[in-house]
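For reference, chains read A, B, C, D and E in written order, and residue numbers begin at 1 within each chain.
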Amino acid sequence: MSVNNLLENWSQFRHFHPVDDKPHDPYKWAMSIDLDACTGCNACSVACYAENNLPVVGKEKYAHGQAMHWMRIERYWDEDDRDFPDQGAQFLPMMCQQCEAAPCETVCPVAATNHTADGLNSQVYNRCIGSRYCSANCPYKVRYFNWYDYPTDDNVWPAEMNQQLNPDVTVRGKGVMEKCTFCVQRLHAAKGAARSEGRIVRDGEVQTACQQACPASAISFGNLVDPESRVHKQWKAQQVELDKEEQTKDKKEEGGSELRGYRIFEELRPYPSVMYLERVRESAV
Amino acid sequence: MHRFLRLSTLLIGLFAAVGSYAVDAPQPAPMTEDDLGPAIEQPIEFPHNRHAGLRNPNDPTNSDPLKGGMEIDCMYCHTYARRSAVAGIPPLQKCIGCHQSIASVRETPRIKKLFEYWDAKKAIPWKKVHDLPDFVRFSHERHIERFISQLNRPVQEVCGYCHGNVKEMTVARRSKSLAMGWCASCHQKDHPVTAEGGKPIGNQAYWYNFQKPAADTSGGAVKAQGPNDCWQCHK
Amino acid sequence: MKDIREDIAWAKINQDVLKSLENPRKLYWVILFCALAAFGVGIGCEVYQYQTGLGVANLNNPYAWGLYISTFIFWIGMSHSGTLLSAILHLMHADWRKPIYRFAEAMTTFSLMTAGLFVMVHIGRLWQFYYSLPYPSERGIWPNFQSPLLWDAMAIFTYLSSSILFLYVGMIPDLAICRDNMHEGWRKKLYTLLSLGWEGTDRQWRNFRVTYLTIACFLSPLAVSVHSIVASDFAMSQQPGWHVTSFPPYFVAGALYSGCSGIITLFIILRYVFKFEEYMTKSILKKIVRLTFAISMIWTYLNAVEFASVWYSNDQASKDILIQKATGTYAPFWWGMIFCGSIVPLTLAFKRAQTNIPVLFAVSLLLNLGMWLERWMIIAPTFSHGYYPWTWDHDQWPSLIQWGMVFGSFGWFTMLFMVFCKVFPSVSMYEVKEMVYHRSLHLKKSETAEQGAH
Amino acid sequence: MMNSGFDRRDFLKVLGWSGVAIALNGCGNTSVEDGKETVVSYVETNDYMIPSISTYFNSTCAQCDAGCNITGRIREGRVLKLEGNPDSAINRGKTCGLGQAGVQHHYNPDRVREPLLRKGGQGEAITWEKAYALIAEKLNGVSGEEIAFLTGGVSGHLKVLLGNYLDSFGCKNHFVYEAIAPAVLRAANKKSYGVEMPRFNINKAKVVLSFGADFLGAWVSPVHFSQQYAQFRKGVDGQRGVLIQVESKMTLTGANADRWVVVRPGTEGILALGIINALGTASGDIAAKVRGYDRALVSKETGVPPGQIDKIAALLKLRSPSLVLAGSAAEGYAHGSQNAAAINLLNHVLGNVGKTVEAAAVVPFPQMAPATGNTAALKTLNDGLNAGKYKVLFSYAANPVFTAPGAMKFKDSLAKAGFKVAFAHYLDETAMQADLVLPLDSALEDWGTQVPEYMAEGAQINIQQPLMEKLHANTRGMGDILLALIKLRRAEEYKKFDDYYAYLRTAVLQNKGALGGGVADDDTFWNETLSKGIIKLAGSSHALSGNAATAGLSLPAPAAINAQYPLHLIPSVSASLRDGRHTNQPWLQESPDPLTTIVWDSWVEIHPKKAAELRIAEGDIVEVTGKNGSIKAQAYLFPGIHPDAISVPLGRGHEALGRYARGYGVNPFQILDAVFDKETGELALHETRVKVSKTGQRVIVVKDEGFVGGKQMGKKIAVRVSSDKVELSEEV
Amino acid sequence: MSQRHLLALFNNFEDAEAAIYELRAADIKGFDFDDLTLKSPIEHHEVEDVLGQRSAKVQWFTLVGALLGGLLGFFLISGAQANFYAQIKGGKPIVPFPPNFVLTFEMFVLGGVFISVLGFLVCAGLPAKRSPLYSAKVSEDQIGILVKADESAIAKIKGVLLNHEALEIQEEAGK
């Protein structure tokens, strides 16, 4: 049966991804983050803790680099040798980029991380054996490993605190890799509801926790293949294409210079699903 | 010498058998009715057969409690199933709602016990019979949408896909394995997408594996498999 | 200097080797005890880590791998010696390998078993280890065949089982000798069982030769593939410092290198402990030493190739890592690796050193240290200095738990090895006889030729 | 449905059953099980109660005084997450990290669960009856003058009820204390604009010049301002707004500025006048006033290069309207009021008043208007306590033992009160000193109304309602307690109210007309109100008085360097920890400080140049010594600070407040000097001078940034582009 | 006619070889040359010159085993990748060739080695019952010739063997 299946659908099984000839249908979840609006306030990160049952590891484990923030806010300084950072700092929210050709997926020995039909990089906790190869191969280092058994650790979820846990999201025990899921539990609920009505999810119907919290609305999230979605329009306006490692912007002479959409480490060809919009700083002062 | 030939034939045979089984692995036989889960003691021995069982044609008044049921729709009590991931146990008030006006059984031990709970305003601590692992995301709503609304199948049949023939049980007992391979054995069948009398599907997503289901050459019906990606069922 | 005396009596060979199964020197027991103790430490660490979580190893989020993987590669590398001596040199008809290949092959087997342990120790959910094995299950799911880790698992499984078979098949005639010479007891029963009724008939020998040759043919490319697959774990990834084309040959060379120096160490120990001076002669030692020296130079060359290709590439991230290795936190270890791996072996170029046992013992240990450092220096800098500067962590240091397990692995290996040498003949008796026989034939021939010339 | 008369409260009881039954999800079974777990089931339920489907109820965030409206996600009787209420004019569906952590206030394992009576060094659990009796006994024969009631900011019906309770004694000693409130600004605004808190339209401004106002972090209504900021960045008429931040220690807002201007601490006012001078558009009084502030003098005194002043002035002239904000950094000096006045003057000069500074709407119920807290009240209380004036002291929503400046020795003063009652969620430092601690319901369990101080658009009254049944049986709502207490005094008047809920409902329905209820019947209106969670009112607004008087405006020259204590101590207010009342919420402890990325600990920010001078490296434990004591904390080299200043964040260094707060970091309140603003009597937070010395110890700073800190090492990660290189108007 | 076994031990291979030559040349009635077995402590492949090409068939096992292993490997892996759960990983095709070839190679070797060993056991007749006549000396340093012949031929054979300086001759007890 499987061999039949293999032979019958041979061309499909030999198909490379992502390419234009087989676009995602009907969903491809993607994000765009406007760094000009992002204030670095950390609301998204805390919202992520609340939504996704992230453990608070405590000072000692944080010191060992074992923090579990799926969404971390990075703060960069200018690297000129002025005394004062008189153009402020640069903030960058960094989470799993849900790459279309994710380096983490190929290396997992047990196939616990895969690419879903709606363009997410899935992470199946109960399948994971904790080889941490995915983390080793992630250029963004956005995968977080459960170094300890947080559910039973003191003071992570003591009595009452555990009642806050989101029942739609597994509480991960020790030895499992985890990462940003684009709030897949919300996507799942929204897709289910839409399907019952015989349609696809409309733009704005589903928000990720970080997007919902973001006071400056710097994060937009939606279905990239839906021409009505804000994310689609933004990607289009910035002429960023999912399956290219070089965009119009990179070809300055062809008029790409007024665009500010870019993807981090595009040159490594992971085809990330998160587009960042460059932070703008006033030239007049 | 023959001994060893036998041995080697055996080994090669085993090798080949394991291999060919392995290649064809993902069709474990669906568990049969015999594969019942353990009997579970519930606080009240609820007679599913009496409530959902078929009417006894010889007893139009349905008076004999030992014979025949009342053909109550599964979703009359498990009302959450069509709107929620879980089917849910009806609130106690629902039981009382009917039973306060059924005088004939009012004094039976089970109903007395029921009213004791009601009077104490205590929820009945029913035990879960079909308890999936915590990392599984199963939605009753989706399956009911798919099979009852779209394919227009009878309710008891659809519920029975996973719950077995509950209408003949008293306290429900697990009759399917509910293990992953068992789920997949159904997901990988080519089910028709819609059937006569079913709800139209509109522009919704129902295909997986990056391919739209093709129309079956013979009947022309569009068929599709169930979802196959990990995150569909695992959280 | 002769590899072996041609006039050595066959009965004496039997006698000498069989003696090793009975009464080794006291040092044997000391080593065995130390090994057991070290293994105990390792077990203790693992139990603690298993119960508490991998955090106790002081790994962290970008820095996800540590000594476990480094030592895993080290042991895999170690295993290549046996194949080199028993399979490759067998194919080349280098008969000086005969007295020593048995223990080298045992070393292969046991270091693979040790390496396998590290894979298990390393993973987060050991109790789900079986998920990584391709077995048909009710779920119908399979491991990810794209993952180099899975290739590793398959390659190691193939290699280990083939090595065990090779070791065993090659040992059958010797087991028969043991059977014939043992007094009644469990050992006799064991040897009787294992020797499968070998009687040295012409039919048995004939098939034996073909089989042995066939397996040797398979084993040689297999050994190369195993370590190049281990190299793929890194080279197939995208990380700077790992994504290097020359990694597979580099790893293979490193593997042969550490294997050979391992052989030198064990050669010296066994020779002393089991009084094998007549068989494990200095002349043979000298040959291995020269081989080691050659491989060390190959390794040095490939090392240089790696640096050069990184340096002249356009990949800034890889370059940064190289600079980081040479100047950063890990600089002492990295330079230590260069010293132990490329400078120390230069002593082997001196004739006097080639047979000086204390010097060789020290050098071989240093070489192994260097090779261990090499593996660590492949792992650590890439994690501490990868693509993403925000997560750079140069302060990471393995915890005592990690060190304890590395230490324990040496105990486990030594323990297995020592027990093996006590239970099975660690010098191949029949092949030594063959060696003696062929050499004496040769001698006779040349003598007759000489006489004829007169 | 058998029982159709479902009341909102009954519904909560129904919900409650299941809360107990739910164990840690995901740690449970890993294979198919039969008959091991119990199903969640209800006795009675409502139509919208479906297992596994969340329901959402609106309430108000109580984490700070901004009054954001929130929506709680409730499933199986447990509140799981808080989101912003999209209908709110204040936060428009958004929340900050602090607001997100509200659930951890509710589920905190260290909440007080029983009334506790001091017995020796221990608290002994007593019943509520006994507690009330005890209060009655202690109040017996005590005159109104001898009672003091200390609270944080209160508003709405709670304020009314509290007022009535105090009235029943004839007590006038209601001290409203907030440790880090913008009290000086209120006074200055009152003088400049005629209202304490006008509306700032950041989104309409083309240039925002902010003097230390951390409006994106912790200032007034940060979530609201953050949204305005996002619009401001998108630009009015396609012209992107420019933010210039003037301060001595970089705040989160400063980090987002186009130009961050570092000034010598305390000279913000001088710079403001210098800019007015440079603008050259002022006339009359103002021109006369600023004449002396030429760019050389201003540059010398503030440390801002003359070119910079010109550029700012030119930009302000070019792009109008603009908005000038005076923030806490400018106010925290003995001449804070003067600084604020000078800065506000700039708004007048630029013609922003009425454009970007507008009158805010006002709730037409003055008795419900917020009693805003300040520090002057604490000083009065402290003096009174020292004079032995108070026999009974009540304390609610304030933790002065932690937040009072060290110089005040408030803990000792407190001991002089006869009987101290603390209404508390947790045993904080003040509750630890109390004789009687009464446990409060969490903000997610309690009823209430709240009127925000800063009104975003129209006037609104926020409804706070329980999102789930009480976690602990023996906690009470503040309103319920007050009602019980007032019944002891005025039983007749209040007997018709069973509880605070009934009081609230009656009070709201009484004013149904004024609250926009129209002709709806009581139940409908009430249910609608609860479901919206906001009462939006037409409201009126006081007109701004365009008073640009310069009378009395005099700015002192920057203080000379104090040889003994050469550095300014800037106690910084972080967006998540504020004055330290939320430090026990672990998400906030583990959420890195945006600028330093430090977690779980305090630090001393010091400029790298100064650090080099003092030979201090990152992680050195330094001792910060002032006149009133010293604290020890790890040093962090931070480029965004004036070299003559150091900064220590407020909020950590608790000696109480439970497992997540106690023992982490240090409390800079402890070493603050008791210097007050000359005009308002407010504590001048930034006036403390200190010296810094190394202790010789060093630790590894626990922070999120890696080994190379905030460098991108030549990689294209966080990219910046100059504004003339992009066309924002063409974007989506 | 009943047959008996006879084992002669020789000091060196040359003697044994000579004995075999003679036995072959002698063409003794009641003795089939194929029933002669040489037992030796080491391999003497020169003996084939005398005994004739008694071919080893292990390599055929090897070939079949390796091909079987390789084929099975490739199809097992591809089939498993392309089963119902087929998931895209890293943008690569669901059935990617490079990894599958690597694994096919491993399976090729595995099959080859395992079946070769199996072939060895089959061809060499191992494990075997011990033959009726055996001397431990054979595993030490002596060469043994085991002969099975009719009673009638025994004496003659014995003569030939003794002729070539057989050290010792063991005889199976007559039936």
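Details
FYI, a residue touches a chain if its C-beta (ideal position, glycine included) is under 8 Å from a C-beta of that chain, and two chains touch if they have at least 3 such contacts.
In this text the structure is predicted, and so the values were computed from the model without any measurement.
When the partners of subunit D are compared with those of subunit E, the chains appearing in both lists are A, B, C. The chain with its C-alpha centre at the largest distance from the centre of subunit E is D.
Nearest to the common centre of all protein CA atoms is the CA centroid of chain A. Taking C-E and B-C together, the pair of chains sharing more C-beta contacts is C-E. Separating the CA-averaged centres of subunit A and subunit E is a span of 62 Å.
A separation of 53 Å divides the Cα centre of subunit B from that of subunit D.
A straight line joining the Cα centres of subunit A and subunit D is 32 Å long. Along subunit B, residues 22-27, 133-135, 179, 184, 209-210, 229-230 each make contact with two or more other chains. Across the assembly, subunit D contributes 25-27, 30, 52, 700, 705, 711-712, 715, 717 as residues in contact with two or more other chains.
Residue positions 75-76, 79-81, 83-90, 92, 119, 121, 125-126 of subunit E each touch two or more of the other chains. Across the assembly, chains come into contact as A-B, A-C, A-D, A-E, B-C, B-D, B-E, C-D, C-E. The touching residues of subunit B, counted against subunit A in their complex, run 23-27, 133-135, 137, 139, 141-142, 145, 149, 199-206, 208-212, 227, 229-232, 234-235. Those residues of subunit D that touch subunit B in the complex are listed here as 1-3, 17, 25-45, 50-53.
On subunit A, the positions that touch subunit C within their shared complex are 61, 64-67, 72, 74, 94, 103, 106-111, 127-133, 135-137, 139-141, 143-149, 174-177, 265, 268, 270. Chain contact summary for the complex, subunit C toward subunit A: residues 52-55, 58-65, 122-126, 128-129, 131-132, 141-144, 146-150, 153, 233, 236-239, 383, 386-388, 390-391, 393, 396. Per the touch definition, subunit B reaches subunit D in the complex via residues 37-38, 40-41, 80, 83-86, 88-93, 96-97, 117-118, 121-135, 173-174, 177-179.
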